[in-house]
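One chain, chain A, appears in both complexes that follow, with chain B as partner in the first and chain C in the second.
And then the complex of A and B:
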């Protein structure tokens, strides 16, 4: 296939992912030696989901030049949508079971009220808000995982791209959208339990008998498969003429217009598609995290996403995967309290506090001195050199590649 | 005001009474003229005469304050249409500065320009057919880049980039080519080659060339329109306009 020919890194990525998945499986507590704890399997599964959303970010920013600082909002929305079903279905099982011993069989409305009290008690309510209409149906919520973020991305993108908002202004607009969404979700009457968020998501309804040891590995597999499919889709998108057009938009969108392509249409397509990909990543991430709350959608999360892609090397799909995996794992290490504090005598460096400074510094250094990011290291191995043409950016647009990022 | 030419069967593009001002400065002032279907036309004029702005208006980049731009057999007004639709209607444009997609190969640049369905889904599932590849090779040969197809276009010389851009124009198969200063920065040999490409193109379509270099214009051997302060100062053969006293005063005499 054309895609494989143009992307020599694709078979390598597939091989690495398969080996990694098998290795984790055979080291897990459920299926193997038990060298990897269940909670670390979850961390690895979540990391794969973050790599998935980083691919979405790379498509929209690294390839199309739209610096969206809102894609984590779509990720979070996907998590909320699946979380609603998980919480509802499991609470229902518990409620029905506890009522089973009553003398009279409970009426459907009694069951519904009891579920409502269970779920919304924390925000002082027991009625189901309108947005929970479909929460009883697994398939409906799965559809909403795609539809809600998809439609939000479509409407937002349509408004923004149609008015030709680009560059910094577009980034600010996406941050505003993200902020508005998280502030809305923080409210108790948002219908999604305010700052409590949705919890207990690691417990699959009807699977109480099955240990988390197994469930964690299943989710790990699902995340690995989703990452693989996303990687294939992204490679397909960027390897043909579509890839040519979006890279053209990144470097010089006016020129693309004069070739007769509707730049707005392409941007909207990529923005919405990547929004949906992010949402699917979120729907797989939060059942492994066990909890989602509005803080997850905070504007800073979307900024991290851009940082991961920049550190990994934008404009190459494996760069995004490496950036997300590397930075989020290192971040877990430093913020999880595992990293030993450094005692300087007069001051003790606590990594929990200083990790962000370190991350920020690395970001600045990468941007200044290694614009290709970690991905650039692979160029050393494959002897792919940057062209020397003293042109600096490869196009007039804000998102265009810098000369150092290009390859021969 | 010069009387707008009546739209006849022999008119491809008719610009009538357009004006545009930037912050009160009139860059185009009641400009009217028309171009036939397979006509070569040169536009000359001093810096700031409004030549590039004229192209901006025809291609939808700049909205004029007044006037009409009528296009094709149906005399459709192009004003208000966006750049992409105007391009799809059959107007191709080469910019003053060479603008090609530097991060992509010559092949990718040309293939992107080849006339085909341009909506996102069609582009996504696009597989180059034999005729597309043949077209790319034919154009590459015509612009002298046949052996450069797999090179990143950012590495090409200035002249080669100019040709590539002309090749991309031809790939779009437009009815009208607007070419802004194609010979800028080219060596003499390159200029001659450029003239040949443009003359060949003008056999089957209209070509409008903006150029400062008189030798280049002479080789094009076509009708010349002189712009000055946003309107037509003179029009006719090169010899005719170069003898016009107004033209000598504002342009040639300097």
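And then the complex of A and C:
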């Protein structure tokens, strides 16, 4: 296949992912030695989902040059959509069980009322809002995982791109969209339980008898498979003619437009597609996390997403995966309180407090001195060095331009 | 106290009260009415209280107060009344009412306590009102009036009217007149007087007026067939409208006995449960009763057997209330009074609405000046230089924390604020210059990466502030002369801090314009912005100019931080709360133009307050809708309200 020829990293990535998945499976408590705890399997599964959304971010930013600060909102929306079904279905089972001992068997409307009271009691309501219309149906909610973020991305992207909002303006606009969405969800009458969010998502309906040990591995497999498919899709997209066009848009939008391509159409397609990919990632992530609330969608989360991709290396898909996996795992290590404190004699550095400072500063350093990110290290191995045309490279979004050329 | 009582006495004497014989004492008055006082019955006591109150004697108020407090005792041996104070054991000190002096002791067994019940105490309190209203101390008169306004009674009306004429203090006189009208509205038996009083309040903004008028126009909804001819009907209603849901209308009909209530869903369910026999109800197995239709069938079967009351599924509440008349009826019977009250309330609501509009405009203006303050630094770094600085919010936070630290060192709030403002400028100027030198100058060709690098600085600074100052909010206290609010009437008011922020915003606008238009730095900044290489050819050092400009923008953010810290609590997230709005302000206004920023801030401030007005309890929704509005606004004016034209636009 053409795709494999053009991207020699693809078979390596597939091999690494398969080996990693098998290794985790055989070390898990459910299917193997038990060397990896169930909670760590969940952390790894979640990390795979984050890598998945990082691929989406890389497509939209590293390849198309749109710094979207809103993709984590699509991620969260996907989580909300699947969370609605999980919460509804599980509450229904509990309600039906508790009503089984009643003198009369419950009617459908009684069951529905009781579920409503259970779910919306915390926000002082008991009626199902309109957006829960399809919550009873698994397949409808799965469709909504794709449709809701997809349509939102489509509308927003259409509005933004048709009025030629580009560059930092677009970033600010996407950030505003994310802020608006999270503020909206924070309200109690948004219909999604306000700042309580949706909880208990790790309990699959009807699977109470199955231990979380197994469920966590299943989700890990699903995340791994989704990552693999996304990786293949992304590689397929960027290795063909489509990839050349979007890289062209990134490097010089006006020139691509003059060549006769519909720049807005391409951008809109990439923006919407990556929004959907992000939503699928979210739908896999939140059942493993167990809870979703509006704070997850706050603008800062989307900026972190950009941070991962930048540290991993923009403009190469494995870079995004590495960045997301590396930064989120290191973050978990430092903020989880496992990292040992450093005693300087006059002051003890607690990593829980200082990790964000370190992250912020290392991020600045990466941006300044290593625009290619961690992925740039692989160029050293494969000897794919850019020709020395004097001056520093400016990073993927300026294409092949070097510093001194760009200033002309 | 004695002098006060004498003065009160003189005042009373000059009033139109009956002049009594000079040698008459209060004891004589009490003895005259001794039998009713001892009997202490609410029906017969009135003449005794009146006689004491109208005796014109200096001790009258004292007697009434003692009586009300259950401190009046009668000596059993001769029937004389005293004020008694508990001494040692069962002994009581006796005080003479007329002289106020002690007249010896007596054992409790020799005395009888006057124990007026609550009804009588209320009558005494009403009689006391006239003394309070004529008290020589204006402060006590005012207190009495305010107490009456809060909790007036019909009995207050006469003494209040009597006291108006003799009132010398014009302010209290006005207060008395208003109170008199309020009481008239509520308690005067004469309809015409009430209507006049009500109409006198047209256009008034006072809360008390609205409190007095609102009870008059309270209504209840009644089933129209049960309404008499004389009822003061506001309007007729149909069931199912917004003001009268079907369920409520049905409940009214049931209460009036017009329909026999059908057994409710819960009652029918309980009846089914009560009639379970051998795992079935009326022959229908329990397992089948999991739909409402099956339950209805089972219930109908039970009803046929006569075990439960009948239920007709066709006779729903909707059909029962169909075509039935309901009426909204005023609790107040007089039509003239309610008409006048409605008209006056309408005029009051118009006046209140107009004033609320002014109040809202003031709020919008102050919010706009806060946004403008937060955004003006950005207007320089982002608007003029085109550098996205995500750490701008953290510079605001640094300014606020500088103010907090200065207050820890200098306890005087006024001095500390005066010191804090230049210090905050210096601190954030230095931080801005450092950031420009170390980070931003390497990224001028890569705006998106500037955004990310400055974001890295932002999270590091935020966490650093958390590590140093903790996560709890720190107070930045404003000087005493900024406390309180300038209030124009009961509706329109604005706090002095907001006025100060508004003034500060105006000063900043002036400073910005001065620097940009009149100074060397401004000239060089504009030159470098328009064409860096040409500016460099003319002998301007673009690096230095960029550094100074960025420092200036950051320094202004620091001062804004002090101002915002006075208004909100200082936390490490203070800046992050404003950063998105600040960028919005600059983008909406139009990049590169300070007037655009001003317009943008004004638009966003007024818009947010305007949306909040529709749904005052929900500021989150207001922010959401505002951001959505801005996103749509950008569609129509992508370059902002004031778009730069020609070469200055940059692209």
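Assume the second predicted complex is superposed on the first by the 389 of 408 C-alpha atoms of A that agree within 3 Å, B and C clash if a C-alpha of one lies under 4 Å from a C-alpha of the other, contacts with A are read in each partner's own complex, and residues count from 1 in each chain.
FYI, a contact is a pair of C-beta atoms (placed from the backbone, for glycine too) under 8 Å apart; a residue touches a chain by one contact, two chains touch by 3 or more.
This one's a predicted model, so the numbers in the text were calculated from it and none came from an experiment.
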When chain B and chain C are modelled together on chain A, clash or fit: fit
Chain B versus chain C as contact partner of A:187, first or second or both or neither: second
Touched partner set for A:165, first chain B, second chain C, both or neither: second
Which superposed partner A:14 touches (first chain B, second chain C, both, neither): neither
Per-residue touch tally on chain A - higher for chain B or for chain C: C
A:232 touches, of chain B and chain C: first, second, both or neither? neither
Touched partner set for A:252, first chain B, second chain C, both or neither: first
Touched partner set for A:361, first chain B, second chain C, both or neither: second
Superposed arrangement, angle subtended at the Cα centre of chain A by chain B and chain C, nearest 10 degrees: 100
Touching partner for A:241 - first (chain B), second (chain C), both, neither: first
After superposition on chain A, the shortest CA separation from chain B to chain C (Å): 5
Overlapping contact positions on chain A, where the chain C interface meets the chain B interface: 394-395, 406
Residues on chain C engaged by chain A in the complex (per definition of touch): 269, 272-273, 276, 281, 286-287, 289-292, 295, 388, 390, 439, 442-443, 445-449, 451-453, 455-464, 466-467, 576, 580, 583-584, 587, 618, 620-621, 623-624, 627-628, 630-632, 634-636, 638
Residues of chain B defined as touching chain A within the complex: 59, 61, 82-85, 87-88, 92-93, 95, 99, 101-104, 108, 111-113, 118-120, 123-124, 126-128, 152, 154-155, 168, 172
Residues of chain A defined as touching chain B within the complex: 237, 240-242, 244-245, 247-248, 251-252, 254-255, 257-263, 265-266, 269, 387, 389, 391, 394-395, 401, 406, 408
List of chain A residues in touch with chain C within their complex: 67, 103-109, 156, 159-160, 162-165, 167-169, 171-173, 175-177, 179-181, 183-184, 186-187, 189, 299-300, 303, 306-307, 310, 353-357, 359-364, 367-368, 371, 394-395, 397-398, 403, 406-407
